[in-house]
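What follows is one structure encoded as structure tokens, with my remarks underneath.
Chain lettering (A, B and C) follows the sequence in which the chains are written, and residue indices restart at 1 in each chain.
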Amino acid sequence: MKSYKKELWFNYPKRRGYTNITRELKKCLTESEIKEGLMLCNAMHITASVFINDDESGLHSDFEKWLEKLAPEKPHSQYAHNGYEDNADAHMKRQIMGREVVVAITNAAFDLGPWVQVFYGEFDGKRDKRVLVKIIGE
Amino acid sequence: MKSYKKELWFNYPKRRGYTNITRELKKCLTESEIKEGLMLCNAMHITASVFINDDESGLHSDFEKWLEKLAPEKPHSQYAHNGYEDNADAHMKRQIMGREVVVAITNAAFDLGPWVQVFYGEFDGKRDKRVLVKIIGE
Amino acid sequence: MKSYKKELWFNYPKRRGYTNITRELKKCLTESEIKEGLMLCNAMHITASVFINDDESGLHSDFEKWLEKLAPEKPHSQYAHNGYEDNADAHMKRQIMGREVVVAITNAAFDLGPWVQVFYGEFDGKRDKRVLVKIIGE
């Protein structure tokens, strides 16, 4: 069994937003030289997400509006978590969008379907954060 | 390490609904001849889901009502994504229900608990779509 | 390839709540003697969750309030599932919080980021329930 690990760093300039990381993940796969196996890609922080969806700016603004409806940021005082913090909403948004994706690898390529793109989702940005990439296989 | 891959095809006759795929996954496991390892099962499309829950028709109608409350389909015009498309709600419903499940394999069987069933969840049907099954192990 | 499996038992004294299981998972990893690989940890029941977030009591009370807003328990009669059961809301809460986490293992340790803790989330407690831990690697 072979294994590969890499950490990708982000410092998103706004509180919330989405970064397409599919191309970087493909580079990781090439570097790993693994042809059959599984890739785990997860946010290493609890106010961020890694998820798979569409790279379409209209949808991303819909997500922003929708997550603000389901778990509004403000007023900060509505959440017990927000004493020293102001990011309780970010912890909730990350539960809806998810922490991780697992992607299959066959013949040295990801098994992705149509329009599938992998995103880093930031819900409490303007600071250094990491995504973990771990690949195991042969 | 052994690995196995299969794509299951669906053409759900309505916009939304759930298909129990547990039996097909068990066939895949038998075909794979893998006795110890992990199975990844994921929707290959971004408006569909693979998830684990109960095979109970009342619950499925509750899910339909609930997802329509959290991410209503109509009016289509409420979503920026819906220019050429009308399926923004399907992208959201899939985030709540999830893209994938990973299931452990021990002694050539899935480690499933009571009432556990695996479902394909369709949120934008009436077209050909696929689910990926990838098994790695020994 | 090495593999390891363990079931952790819970009997949560209330209907809903969260238990930090990070320490028990680290014991499993030590027992497994696996240095490179992946751990799958999932609820074996469909009204419970395994998820990663913050071990902060304010946040946990925010989660309780939030999940009750998105998928309220009562009135029980609002759900078609609640004939012999009264736990339809628990099936929904588990979809939002998720069934499973997959955690990378490097140099015999979990690749966890800052503040990352793994939780068992109970949404229909006062009964025996299990969490599965499966580790594969080398």
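Following the convention adopted for this analysis, contacts are C-beta pairs under 8 Å (C-beta built on N, C-alpha and C of every residue); 3 or more make two chains touch, one makes a residue touch a chain.
Predicted model only: the values in this text are computed from it and were never measured.
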* Rigid-body rotation angle, subunit C and subunit A, from Cα fit (steps of 5°) -> 120
* To do: Quick one: compare the interface residues of subunit A with those of subunit B and tell me same or different, with half as the dividing line.
  => different
* Structure fact -> Rounded to the nearest Å, the gap separating the Cα centres of subunit A and subunit B is 20
* **Residues within subunit C bordering two or more other chains** => 1, 38, 70, 96, 98, 102, 136
* Structure fact -> Note: in the complex, subunit C contacts subunit A through residues 1, 36-38, 51-54, 56-59, 61-63, 66, 70, 96-98, 101-104, 106, 111-116, 136-138
* Which residues, counting only subunit A, touch subunit C once they are in their complex? -> 1, 3, 5, 38, 40, 42-46, 70-71, 79-83, 88, 91-92, 94-96, 98-100, 102, 130, 132, 134, 136
